[in-house]
Amino acid sequence: MRILIINPNTSEDFTRKIAESVQTYAKISSEVVTMTAVSGPRSIECVYDELLSAQGTLEVFLSQKDQFDGFIFACYSDHPVVYAAREITGKPAMGIAEASMHMACLLGHRFSVVTTNDEWEPLLWDAARHYGLESRCASIRTTGLPVLALEEKSDGEVQSLIEKAARLAVEEDGAEVICLGCAGMTGLDKRLEKTLGVPVLDGVVCALKIMEGLIAYGAQTSKVRTYSRPQEKELVDLKDIFREGYR
Amino acid sequence: MRILIINPNTSEDFTRKIAESVQTYAKISSEVVTMTAVSGPRSIECVYDELLSAQGTLEVFLSQKDQFDGFIFACYSDHPVVYAAREITGKPAMGIAEASMHMACLLGHRFSVVTTNDEWEPLLWDAARHYGLESRCASIRTTGLPVLALEEKSDGEVQSLIEKAARLAVEEDGAEVICLGCAGMTGLDKRLEKTLGVPVLDGVVCALKIMEGLIAYGAQTSKVRTYSRPQEKELVDLKDIFREGYR
Amino acid sequence: MRILIINPNTSEDFTRKIAESVQTYAKISSEVVTMTAVSGPRSIECVYDELLSAQGTLEVFLSQKDQFDGFIFACYSDHPVVYAAREITGKPAMGIAEASMHMACLLGHRFSVVTTNDEWEPLLWDAARHYGLESRCASIRTTGLPVLALEEKSDGEVQSLIEKAARLAVEEDGAEVICLGCAGMTGLDKRLEKTLGVPVLDGVVCALKIMEGLIAYGAQTSKVRTYSRPQEKELVDLKDIFREGYR
Amino acid sequence: MRILIINPNTSEDFTRKIAESVQTYAKISSEVVTMTAVSGPRSIECVYDELLSAQGTLEVFLSQKDQFDGFIFACYSDHPVVYAAREITGKPAMGIAEASMHMACLLGHRFSVVTTNDEWEPLLWDAARHYGLESRCASIRTTGLPVLALEEKSDGEVQSLIEKAARLAVEEDGAEVICLGCAGMTGLDKRLEKTLGVPVLDGVVCALKIMEGLIAYGAQTSKVRTYSRPQEKELVDLKDIFREGYR
Amino acid sequence: MRILIINPNTSEDFTRKIAESVQTYAKISSEVVTMTAVSGPRSIECVYDELLSAQGTLEVFLSQKDQFDGFIFACYSDHPVVYAAREITGKPAMGIAEASMHMACLLGHRFSVVTTNDEWEPLLWDAARHYGLESRCASIRTTGLPVLALEEKSDGEVQSLIEKAARLAVEEDGAEVICLGCAGMTGLDKRLEKTLGVPVLDGVVCALKIMEGLIAYGAQTSKVRTYSRPQEKELVDLKDIFREGYR
Amino acid sequence: MRILIINPNTSEDFTRKIAESVQTYAKISSEVVTMTAVSGPRSIECVYDELLSAQGTLEVFLSQKDQFDGFIFACYSDHPVVYAAREITGKPAMGIAEASMHMACLLGHRFSVVTTNDEWEPLLWDAARHYGLESRCASIRTTGLPVLALEEKSDGEVQSLIEKAARLAVEEDGAEVICLGCAGMTGLDKRLEKTLGVPVLDGVVCALKIMEGLIAYGAQTSKVRTYSRPQEKELVDLKDIFREGYR
């Protein structure tokens, strides 16, 4: 089976980290390819960034959609490209936030997300509510770090900030599982698990393992109602590749 | 006061209809300008269309943001450009779906939305939930019409399909107010009100009247947390205008 | 257009303050009249007070209902006279709590209310839930002040107590917008906005601006189901004016 | 123990029916007295009626509050006098709607209410939500009958209309228990139970039995926060008896 | 009337305490018998314990079900034997957690439960949600005590730990009523009420008083859908008594 | 990796069917063993059946817990043995209902469950609510078939009843994905998918694929709070094997 992971951030550094993480966990029989959005902001910290990343991410998706069996969008948010991808193809498509939140529900009563800048707190609450998992979410804790600090700061510094926020989530908010709330945090899960004493989930790995399961099962996205195929219409001043979304 | 209404659909026909509607209701002291997204699909019927319309809508917004006092996005959905606009400016910004749903709550116990193609049923339920108004929403009823049928079919035909769906909402779902769920339905409100016997709201007018109120009151978008200004970052392969979002 | 604001508290001092506030914000074309309930308690601090104020407030409403185009009840609670008024007339009727909570939703992700005595905390949570806006409400914060202290204490003292509670709402509860939770706080909004750095809403002004919009739009209360006209019945030992509610 | 049941409707016929019902079920050791509001509408069919009944009901309560150990308000609604009574006294006070809904939860998974005119459908949903029991409520079904038809129509006619609505609640809405949604329906419970084959609850009896339990247990209304005693304040143009509420 | 209280814990000490409590409050006309599960763990502190107690509790219930008019299961949890009992018999059956939570709703706006070991916090939140009373629950506070410490520690020590947790519930969580969250805490209610100044409920007494009311009213469990009688089927390697559940 | 699937029903026929299903989908590297509860009812149709199956299922689990890496309980319900297993071991444990509901959320907006006898409708709504997925569940549809009819009736008959219920779920309730709500329905998924045109999920396969993912990822159940290890206590009249739960 062939799985494509698209990084909607244009940070090649994050894409590299993600590629490393998945190599550890991908099944022998899976071929996992990691690509970066062809245009957009280097990091995604708000809805504006998200929208600027959408076309560059969709371009990659549209040009590759016939070559892969499943698609993962490696931005820890309720990124709308996931829904667009589900409309366009019947092959499974998934975000890393929803993957980790659903998996967390199978490991503990409530989970918390530990993420970067403060804007993500309301945005990820909205995501949890959108997934229907609000009652399973203990809290969204932010470290206050900008996303790109994950490239620049030492792993030790980053880890200690995440650890501090995660410990508060466990002790004060009732979290039993921690979800790492940024694609750029990939690779820190097992180290944090040791110091925190609770499961710590990397969304990229969660999405990969669930995706392998969906593909092995032959499970497809429903084409009834919500994710029915987009109807073709005139496109004004957009690249030709976007016509592919209507085919 | 100067208000800008941006139509994220690239249908000039809809923009013209919207402009006509607002002329009837705009205050003498308001200058209301209506513009069309510079790129994107002719109509918006799913998340993919929404994302394709985002950059072309934001371009208009970014180039005009210093010339107006408030911004209305005339697509009946939880369109993410509204949130991006709130991040970028402190001046009020609003979608027509949220405007009509909030106004409906002041006129009846529960409202229904009558809209076009079936994909909008789950998407507008998600919107109502996102606005926090799920318990006030009786139903989302679709006519099954593609959005552009509103350009092509006669007003009489369109009106009779909406009327039928609205009547079911009132009689079977417990709706007491009807919201017209598409910018292209603008202008039909008062005619439908007569035949249905319940208030019928045009989202564009609702947004206009609330926007005039907000501006007159001097009310601004909160810049704390959710809508704090986007932090500047490197943009890969995007038009220069998008740097304006970080200033 | 003619708008009537009725103060259900029998404090003439509050009525005067309200009248002053609205003069600043009323449209040139609006005539806004402010009246006081003809009987009832000087201030409203609990359900008992609310019920004692109901008949005296309704008397004013019933005697004036044909002279005005819209009605605002200036008590920051889910005061039941609003619902009675919507049953009796098709012209728009509104409370100041619901007006400010709906408006707050358009300016930030979540709002808090800052109010007077502690009984209002559970009562205003119930109100937010009744309006359907519970998920948009970050907290109800009380200053512990009795309502009439707003007449007696200096503006500076009152302002500093509200500011303290509001700051906690922003910093600890995640509020992005503050609603002033008492008609007696009218006039403090802009001053608090400066020191707090987030939007601060005066419910009377919110209701006025939305009411002007509803009247300009020609929007009426739905007479289907919830607000259908009361059926006439025998009244025992009540003033004749109350028969007007059935006509 | 002495229990006072106050009928907020000024229909003496309903008061007599209620008195008959409770005689069948009152404990030997209980003295149960039934009184009628001294002023107000003959029947309560909307919020306006409810407010007109409030002062006349409170007058009875205030004049009797020292003579009884518990107070039942026999109107099937979320009548605000219940909350006023809880503020004024520490002795238990209860409405018949909340009593029957709580009791129904102990007898089946979900309950439906069968009531009179259509306005009660939204009002009783709001009541169920206010009590926190929304998820236990299958439906509110109305017979369309005006309240006073319960005095005028034959028992057979009334029973057959209720039975029809109740059957739909059981078969289509998933109700497992039926609550009779009007004080005027008292006495029909056991007959309907036979024909319907599910438990049918009379709110007056439910309230009586729970009240006897509360009094026997010595349970009192909490005086912390919500139901703390009303603070005395100047009353304009109200009968002297209402000063009793502040003592 | 004859009421059977079964203690699912095999601690005879708790059974004795329960028996003492009910003697104080049982009606003269009631015969209340208290029995202990014939097998199972001495105390119930988690789901595993709960399941180990189920068969031993059901054995008692099945052998006694024809001799009593109502059944109370004295474990402060959402113990599944309550639902099994409701399936098997039409006579009322009740747990002490649901009884106290419903009763608490009639005495204050929100209640808190004070219980023993920390596992109960998530489990009792789930219970409150299952009963539909989540919005009425202010908090679940744990003392950290193992259940059997209630046998071993002095009453004074136990009471002071409960009092401390209850005070936090009232002051920080907004609780207006306290429910004692363990059958082993029976008898402490009135003493704690004095020091705390809010109503304190013993679940055993709540269940007893509501049960007396249900029996006096002749109210039965609904046999439609959820609690319809179990269909007989082959039982592998179970005691004969369990066949009684299908008769 | 070694995965144990325990069938809590004592129907060997179901166990065989389950074993066949998993052989098709198990990874080459997985060893999947299927066992039957050593005591209990042949099928599980209500809470009473569930409780009778608990000890016999736990016995199998306790005797095998050191030989396997993950545990699946093949009863389509919120069976409490899942929670007991999570308390006893840190290795992942899962029910087939939660597995299929979480997976369904990644394939469509809302799912419906199609199951056997009518009692499951309320019980599976409770399960969906307990998992936090209520807002993603469109409906629970029952075929009215007793569970064991799945052994006795022809596949064609069974399939046609399920198909009919599923079609109603898709057309009337808004379901986009169907979950087969009984372990005995295993093997029908792909055939139904063809006729229905929407994804149809077999809970056993869903649980298997997610379990393989969890084990490959090294994800463990959180031992903080809810699933902390049971504290040892005296067991009265229970088999010795149950002591293993405390070790």
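Labels for the chains are A, B, C, D, E and F, by order of writing; each one numbers its residues from 1.
By definition in this document, a residue touches a chain if its C-beta (ideal position, glycine included) is under 8 Å from a C-beta of that chain, and two chains touch if they have at least 3 such contacts.
Every value quoted in this text rests on a predicted model; they were computed, and no experiment measured them.
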Where subunit B and subunit D overlap in contact partners, by chain label: C, F
Turn needed to bring subunit A onto subunit E - CA fit, degrees, nearest 5: 120
Distance between chain centroids, defined by C-alpha means - subunit A, subunit D (Å): 52
Separation of subunit D from subunit E, taking each centre as the mean of its C-alpha atoms, in whole Å: 28
Subunit D, residues touching no fewer than two other chains: 109, 121-122, 129, 135, 174, 225-226
Pairwise chain contacts under the document criterion: A-B, A-C, A-E, A-F, B-C, B-D, B-F, C-D, C-E, D-E, D-F, E-F
Residue numbers on subunit E that touch subunit D, as the complex places them: 25, 27, 92, 94, 98-99, 102-103, 105-109, 131-136, 170, 174, 176-177, 190, 197-199, 201, 205-206, 209-210, 212-214, 216-227
Subunit B residues within the subunit F interface of the complex: 121-122, 129
Contact footprint of subunit E on subunit F as seen in their complex: 10, 37-43, 45-52, 54-56, 58, 80-81, 83-84, 87-88, 117-119, 121-123, 126, 129-130, 146, 148, 225-226, 228, 230-231, 233-238, 242, 245
Residue ranges of subunit D touching subunit F (in the complex, touch as defined): 109-110, 135, 174
